[in-house]
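In what comes next, chain A is part of two complexes: it sits with chain B in the first one and with chain C in the second one.
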Partner chain A sequence: MLPMLLAIGIAVFLGIRTDQFLGSENIFNLIAQAMPLIITAIGQMFVVLVGGLDLSVGSLISFTTAILALDAPGYVTIPAVFLFAALIGISNGLVITRLNVHPIIATLAMQYVILGITRILRPVSGGTVPDIVIDSIAGSFLGIPMPVFWGLLVILVAWKLLHGSRFGLHLFAIGGGVANSTPDAARNFGVADKRNILLAYVACSCFAALAGVFLAGRIVSGDPNVGLLFELDAITAVAVGGTQLSGGIGSLQGTVIGALVLALLSNGMNLTNVSPFIQTAIKGGLLLLVVGLQTRKKIGL
Partner chain B sequence: MACLVEMSKVSKSFGGSKAVDGVSLRLMPGAVHALMGENGAGKSTLMKILAGVHQPDAGDLFRDGQKVSFETPREALEAGISTVFQELSLLANLTIAENMFLGREPVTRFGTVDRKRIRRETRKALAVLGLELNPDTLVSELSIAERQFVEIAHGIKADASVFILDEPTAALNAADVEIMNAQIRRLRAEGKAVVYISHRMDEIFGICDTVTVLKDGKLIATRHLSGMTPDSLIAMMVGRELQDLFPPRGQSSSEAVLALEDFRIDPGSKPLSLHVNKGEIVALAGLEGQGQQQLLRSLAGMYHLSTGTASITGKALPLPAPKAAGIRQLQARKVGFVPEDRKEEGLFLGLSIVDNIAIGLSSVHAELSIAHDYQQKIAETISSMNIKASGASSPVGALSGGNQQKVLLGRYLVAGLDMLLIEEPTRGVDIGAKTEIYKLLRRFANNGGAVLVLSRETIELIGLCDRIYVVHGKTIVAELPAKTATEHQILNAALSA
Partner chain C sequence: MSAIVKHAFLQRLLRVPPAYLVFVILLVTLWIARPHMLNANIMGIFIRQVAPLGVLVLAQLLVMRVKSIDLSGGGIILLVNYFISSGIFPGATIPFYIGLSLATGIMIGLFNGWMIGKRRVSAVIVTLAVNIILVGFVQYLSSGKPPGDVPSYLNEIYNIKWGPVPAPVLFWFVLTVIMALFLSKTVYGRYVTAVGENPEAAHFSGVPVERTVILAHTLAGFIAAVAALVQTASIAVGSVRVGLDLPIMAVAATILGGVVFGRGEGGVWGPFFGVLSFALLFVVMTTFGIDDPGKLIAQGLIILLAATFYGMRTTKSN
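Coming up: the complex of A and B.
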């Protein structure tokens, strides 16, 4: 509820303070700007729900744009992107559930691995991405810009996974046990906890790859730095959206609103000419504030 | 009549100690079976084996005459064995309905969880118990009693025929106890078998048909309750040989070191007063979890609901003690607190014996003062306490349990304190080390120290101490001289309170 009011508050403030904000061009621009963060944050929420974290999503987004900008046809690179994402998710999940590595360390290591490979593939930004990717983002359908449809589709898929399937319920159950220091509770109910945690990391990586595809379509090239610090934005969005970082409590609409708050904040700060460096600092402060105000802070696993 | 469940010569060890040793048990339909025994007699372990939480080292389980084995609680539930443990196992962040169906949710043809159906069936299962709870209520919003009823409903829904209730009434108020007992009678009337673990005599005699008594993990007997009295039941639970382990008692003075007046463990509990004199070892005895530990820990600032006045050698100790500085506050008054769990709360397992003892000497000095070299003093302590290790610098984690406990105790003995508050001085320690620890504590008392100790082992308290306070229901219900006290007396005082 609070993030919703915050979002409306920022929107009203910007509508009054600036002329450009309420123009339809800026609104659609805002949606397109917010979309990669919304997609990444939704993915991040899957792992936060089971008491984990995924810091490798930022690198994975850059990696995805680098793959798409390779000199290869789209019908090869697009499936390849999701295949790699799934492999990265599986590897994160295996390291965390089987080797008992703390998720922050496991995904931090993965972040560096992917970053290195991305810089080998594409040391500086460049290349061109397949036309189908560009068209699916820049075009419009029935007069409505494509990013709106992306948003609807992503939310629909995520809702199905989180709130409309056994998988989602099991994620909540596992996270609830972790947050209450009874990590075996869900297993005692017959929930396959390790497999579900692994699948949560796979989902997180795949959503991040989708965000990468979207970003590649917007910048029309591959960029090794485009995903920089995205993981922190995503975690901040999840936390602002009311998901408990120790796991078990959270909602899809909260995360979407959390991402919107962050996007509005950037959009507003851009419109009011706040330096990007200060913006980064403000976002960091916001994350500290939100997590500091949460009653349970322990990060699970 | 054929029994629903039979456990045959079941054994289970943890580390070196046998928690359950060759116990057999038969559960009949339409009967409430009480399981009794002193603290640590193996009741909970036995039931956890039946519930699939632990796997037995030896022995067999039979369900309706068929040999079975349960790897997980889920398998036990599927075989119709439902358990309500003291520590609740529901997930607080899910709704009642979600908890009921977790792990085998029905799905619609679109693959979504069939919420209509789980809501409907949950309401039905709750209605069997006469409960009108909304299935969409989050478990975190339920009272403890309601959570227990939900767990029972969980078993009913799974069509269980055996219900294990591990101290279901321990956390309930009188009205809820009545409801719980009515539910148990209903289960019996429907031909289910109920295992009932409780320390409340009136409940045992009120609702149970048969009783099995365990002691030290061994089966003592299974009897019909109709032929028993509370007295004869207690007699079955106690009666261990008093081993010749304990040093002779000393001379205590009448000078009080610790005195509590009008002390309440919880705001709602009855006030108590207590004193420990110089040269005296005083025990807090009673059944497990009756408030002994809260009493001790509230002095150390680890439990915060207590009120009243406390004084140490005449000087007042503010209550509740501050959380962060409670131990230091005690230390400044020359009182040491020895926690129960030496591995988790007491020792630094990775550090050497020297370091573990030195911290007791160093911690009284200011944070930035120069660390002294206590080698000489520590070497004396190690030899006088007879700590067996390959060297003073070997890590404490590598020592045996008894030697670890001695190192922990040594940290406090070497610091020149006036009083020790000790939880479980000999937990998981072999007989030889026990005797040595008793001697060390007696020597500390004879040199003018005072000791307040709690233990699950009543026999140890009788042998070691000078006076015994019996704690029950978060207050002191009796004070006995240890010289003439018996286990029977103590158990009786606790249970008749």
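Coming up: the complex of A and C.
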């Protein structure tokens, strides 16, 4: 509830303070701006629910834009993007569940590997993405801009996965055990914990790739730095939305609202001409504040 | 498979931190490919370049021994660099700069430690958030441009050499010895080991777990400030980018050296050789013409492989 009020509060404040905010152009712009973060945050939520963390999503987004901007037709690059994302998710998941590596270390290492490959593929921003990607974002259908449909579709899929399927239920079960320092709890009830955790990482990577496709359509080129610090924004959005970083507790609507709060915040700071460097610092402060309010038993990592 | 792994000799081999192995392999590679590089003066210069990393690794290994992590070192280095190079303290002397830097490091470390130890917030989140706050703050103060020059005496100290041994390397070596003695001979060192093995058991045995974690982070902030001074002396100019990738390389070197979240088998010298391996790795990669993206990939793979190496052993022992 609190994040919802926060979002409304920021929106009202901006509506009064600045003239541009309530214009329909700014609202649709805001939705398009918020969409990559919403998609990434929803993906991130899957792994946060099982008490993990995926720090590789930021560089995966850059990697996706780099692949899409390669000189190849769309029917090759678009499936390739999701194939690579799935592979990255699988290797993250395997390393974490089968080889007992801490999620943070595994995904941090993956982040560097992907960043290196992205910089080889596309050292500076440039190239052009397939027309179909650009059209699916810039166009409009029935007079409503496409990003709105993207949002609805993503939320529906995520809703089905998290709150309408056995997979989602199992994620909550595994996370609940992890948060209460009994990581075996779900497995003792017959939940295939390793497989479900692996699938959570695959889902996270695929959502990140989707965000990358959206972002590539927005900037119409590949950029090796576009996803920089995106993982932190996503984690902040998830935490603002009331999901416990220790796992087990959280909701989709919370995450979406959390991402909206962040998007409103940066939209508002842009409208009121706050320096981008200070914006980074403020987001860091917000993350610190939100996680500082959560409680958990475990000390350390 | 398991029969091979259980073999006594292999078990023994697995207990050696990968850093020593990597160091020897790289040394041999360099010896075969570019024998003329293996000269005390040239190596001294290469090793001098990683001295700031080496100092920062001491901080990282301390917090990783208590199952925590510190990624805020980059922000501390940037802030200290800004203090010294921007000229916001006109007429300041060297003791003032050193005092200010160390005090800043301690304050940031104490804050990290308080959030992690008392509030029980995830260490990764806290230190990453502190890092981006510090980086954003410094970049705002300097409007994204390099602030200015560093007083020349700092660089003169950095360039002193005794024979082939540069002063920063000796300084790093002495700090490492102090850290090794600190962890093996003091009561606090025992607390660190106990908390790393099992925080709950340590708590019930009367070890002040929270205080140990907070102190570890405070010391880590202090050491990061020392690393920042060495780094600032080494580049001799103000910068808004320097040292941003150092914390993550410190994590890599520490894991390579056999210290992984609560497991301190590598001691202090494992990570020391981890850093030396990184110095050699960059030399080898540069001589073979691999540039920055390749180095990023290598860094990632090293972290992954070293962590996997330890992860697999944990599976076996269960």
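Everything that follows uses one rule, which is that the second predicted complex is superposed on the first by the 296 of 301 C-alpha atoms of A that agree within 3 Å, B and C clash if a C-alpha of one lies under 4 Å from a C-alpha of the other, contacts with A are read in each partner's own complex, and residues count from 1 in each chain.
As a working rule, contacts are C-beta pairs under 8 Å (C-beta built on N, C-alpha and C of every residue); 3 or more make two chains touch, one makes a residue touch a chain.
Every value quoted in this text rests on a predicted model; they were computed, and no experiment measured them.
Student: Between chain B (first) and chain C (second), which, if any, makes contact with A:L288: first, second, both or neither?
Tutor: Second partner only.
Student: Look at A:S275 in the shared chain and tell me whether it touches chain B only, chain C only, both, or neither; answer first, second, both or neither.
Tutor: Touch status of A:S275: second partner only.
Student: Which chain makes contact with more of the residues of chain A, chain B or else chain C?
Tutor: Answer, by number of touched residues of chain A: C.
Student: With both complexes overlaid on chain A, does A:R187 touch chain B (first), chain C (second), both or neither?
Tutor: In the superposed model, A:R187 contacts chain B only, not chain C.
Student: Of the two partner chains, chain B (first) and chain C (second), which one does A:L161 touch, if any: first, second, both, or neither?
Tutor: neither
Student: I'd like to know which partner A:I120 touches here: chain B for first, chain C for second, both or neither.
Tutor: A:I120 contacts chain C only, not chain B.
Student: Once the shared chain is lined up, is A:A106 touching chain B (first), chain C (second), both, or neither of them?
Tutor: Second partner only.
Student: Of the partners chain B and chain C, which touch A:V95 in the superposed model: first, second, both, neither?
Tutor: Second partner only, chain C.
Student: Would you tell me which residues of chain A are touching chain C in their complex?
Tutor: 53, 95, 99-102, 104-106, 108-120, 123, 229, 232, 235, 239, 245-246, 275, 277-285, 287-288, 291-292, 294-301
Student: So in the complex, the part of chain B that touches chain A is made up of which residues?
Tutor: Listed in rising order, the residues are 53, 72-74, 89-94, 98-99, 102-105, 107, 110-113.
Student: Which of the residues in chain C end up touching chain A in this complex?
Tutor: The contact residues of chain C facing chain A are 66-69, 115-117, 119-126, 128-133, 135-137, 139-140, 144, 199, 209-210, 213, 248, 251, 255, 261, 292-301, 303-304, 307-308, 311-312, 314-315.
Student: If we count contacts the way the header does, which residues on chain A are in touch with chain B in the complex?
Tutor: 160, 164-166, 169-170, 172-173, 175-177, 179-180, 182, 185-191, 248-249
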